[in-house]
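Please go over the structures that come below.
Across the two complexes that follow, chain A remains constant while its partner is chain B and subsequently chain C.
So, the complex of A and B:
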């Protein structure tokens, strides 16, 4: 699986683009299994890097969604409330949030596509 | 040992289909007949006004034999501990001894009422007091409440007491530490009581990372909730150090006692530093579980938490009689109607008395032996992610089988065809593709061997014909259910239009 290099990745398996679009990775959706529910914050919410901003529920488990960077939510992908399977189909286009990034420097500590791919190949059992 | 000489466990059996009872309804059928009215008739409209209801909606009208057949047929679809091994990990699905049921049906107990006067409830109170004393002795704690209805409510009660304790010292504190191998109810409980939850990573041996705990511990921590043995079936070998780290900063150690079946008669949580813990009478102490309950989740505490126990508590009065004490100003209050699930107290006490101290110890040893027998015989057939010694349950992973695309859930579905209830799948979360197996002491070696043979046979099928396993179950009443569609588009109630 190729990971697009137009964005940065976290070790908690979220991605974020330079303009603040946030989603979860292909590896995350594959480990979660069939996703049945995504709970996202309202527009205007302040989210903090590495802290939970929502939850994602699959047939196996409920997991926190962690913010890759701090910022204010400017848009939420409402489609996911009715069609959570979009995340399974294409995790890298099924975005969850758009945020106004508070401190772009925070992005420097995130992983590149190549580093993330290396990270998950080691994590894979 | 080979099981070849033994009768195959599962076979085909005619299973009667059964619709919903609404589908059998037709006007005028009834399974009741009232005797002639022997009191003056009243006009319900006059008494109730607009509240009188004439149309009962879609209440089913069926005859007596239809009702009997309906529920009897449904009952034949059940899988129960009385039919075979029920190896759900961390659930302790042990046998419910018949002597417990006999004792619970003794007339004075079965017909007792929570509103009857204390002076004619001395037997019931004595049962509560004696059970309390036994559980305090078994756990090494100082005081107990029997009130909570089950484990999760026990956790809630325990943490309410933790909070009340810290508040009495002037600071409720902010957070609860929870290892990543914990039961899912633990973080839910902490959040419900108003604490922030902080995750604690396990080390490579599957235990709490004590160095990480030392770094995370500070005076904002109200308590650590630990399950011991944890959900990997591993005893926290540094539990005394964990307790010291908590206590040094004024925090409390909560133990989730769901896995107490591995400890009874061998070690006491009160002796290794636990301040508050719950027990699951419906797991460790053999009362019915999983549909047959209700559960019961007593919470045992050390002395300093005793003032916060829910009211009422059973006390011995000056004249030697037993009674309920309500005047406890620091109590967290009542957590359950009346005095808890009393029927379960009788059964748990019957179990404790029937076994005695040596019997309970033997039970623990047998539970651990059974889990390790399975571990030894299936090691290599299934991947064992943690080599640390197992207690009462063993956790494998689907690492070997997933190479063929077969995951833990598929293996579990195939196990149904062999006549067993599935083990716990995909939990604990720290093991990807977990198979969590807890046989309990109830299983004889013959049933364990059948289970082991079934698991080995499934592993062979994965190598030879993975698709066959992926499509399982094949012999069950219904084949693989679409669990995803059920979660995404749930149908929550029957409507006349749904009838086929």
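So, the complex of A and C:
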């Protein structure tokens, strides 16, 4: 699985583009299994880097969604409320939030696609 | 095997562990066992797909982590009667029954399937997480009986073949006439060239099917596993992990030790009355159960369907309309076949009638749920 290099990644398996679109990675959806529930914040909510902004549930488990960067939510992908399995089908296009990034410098500490791919290949062992 | 104290090793693996890894299964630790939770989508896996395969066709499970205790001898029946709540004297040779081992206070040591294999021979199939506890408890409580107790858990690889096509699939691999074996009966026959393999028409999925007991060496186990998958191709067989095993048993309201039953829950609370025979000769736990029944129930197991948006999970609180905690969820999950979010929960009897409205606390929010009839799923009668 290729990780697109138009975005940055966290070790908690979220991705974020330069314009503030946020989602979870292919590796994350694969580890979770069949995704059945996504709970996202409302537009206008302030989210903080590394803090939970929502919840994702597979058949088996409940997990937090953590913010890759701080900012204000400007859009929420409501489609995922009715069709959460879209995250399984294509995690890198099934975005969750768009945020107005508060401090672009925060992005510097995130992983590149190549570094993330290396990171998850090591996690698998 | 001696009757010395048995202790638990750290992480245990079944003889099929390498096979699961080779097939790309996601492995998890369950009751000290490293077990497959689900197989990859590329081979038909994933909890939902595996669940649906069992409901609509057939799936196979490695359940070798289950334990086995054999009791044999002149007083084997009396011993089984003393330690279990169902009436084993009703069993014909080749018949099995659901039962439970109880503490003197009427709570659960474990639930078991008692198989009568011979005139004076019984096999108890017990849970993985309670293997050693069960064996030690059975040994300690049958000392006064003239019968031998053997811990056979490591002798068998146990494979469950479950679903409406399970019988047809297994029939391709055995000379035994499986159609003649009724639900909760066993037979023996040749399977994949192995002689006298024990096959029980039992399972934990609320579907028809068999559980077979073969020698636990890795080579034999792998050979039989792949043979079953190969023979099952025409039926769409899927290997299944513990994830779908749990959702399947939950839809069928089959109890799981540590959840619906435990050493703090008694038989009446768990609603297992019909497997508890007070009229049979005395057994451990009986007098406490007599008293408990006279005293009335404080909590009872009910089935819930989520009405509001949210999934009840194990351990979540059940609240009344005023926000007071009245009970707790023992098992909760999306139900892949029924396509709704269901749960089993203990609540006081006044909240138990079908149609009662309660709330489940999900991440601090009260989400509405309703008591609905159980089992949530019943397999259709064969035409």
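The definition used in the following text is that the second predicted complex is superposed on the first by the 125 of 125 C-alpha atoms of A that agree within 3 Å, B and C clash if a C-alpha of one lies under 4 Å from a C-alpha of the other, contacts with A are read in each partner's own complex, and residues count from 1 in each chain.
In the analysis below, a contact is a pair of C-beta atoms (placed from the backbone, for glycine too) under 8 Å apart; a residue touches a chain by one contact, two chains touch by 3 or more.
These figures come from a predicted structure and were not determined experimentally.
Applying the stated contact rule after C-alpha superposition, one finds that A:84 touches chain B and leaves chain C untouched.
By the document's definition of touching, neither partner reaches A:43: not chain B, not chain C.
Of the two partner chains placed around the shared chain by superposition, chain C is the only one that A:55 touches, whereas chain B remains out of contact. In the superposed model, A:34 makes contact with both chain B and chain C. When the two complexes are superposed on chain A, the residues of chain A that touch both chain B and chain C are 31, 34, 36-37, 57, 59-60. Chain A makes touch with chain C in their complex at residues 31, 33-34, 36-37, 55, 57-60, 62.
Considering their complex, residues 385, 397, 399, 426-427, 429, 432-433, 483-484, 487-488 of chain B touch chain A.
The touching residues of chain A, when paired with chain B in their complex, are 31, 34, 36-37, 57, 59-61, 84-85, 125.
Residue ranges of chain C in contact with chain A, taken from their complex: 26, 37-38, 46-48, 243, 246-247, 310-311, 313, 333-334, 336, 363.
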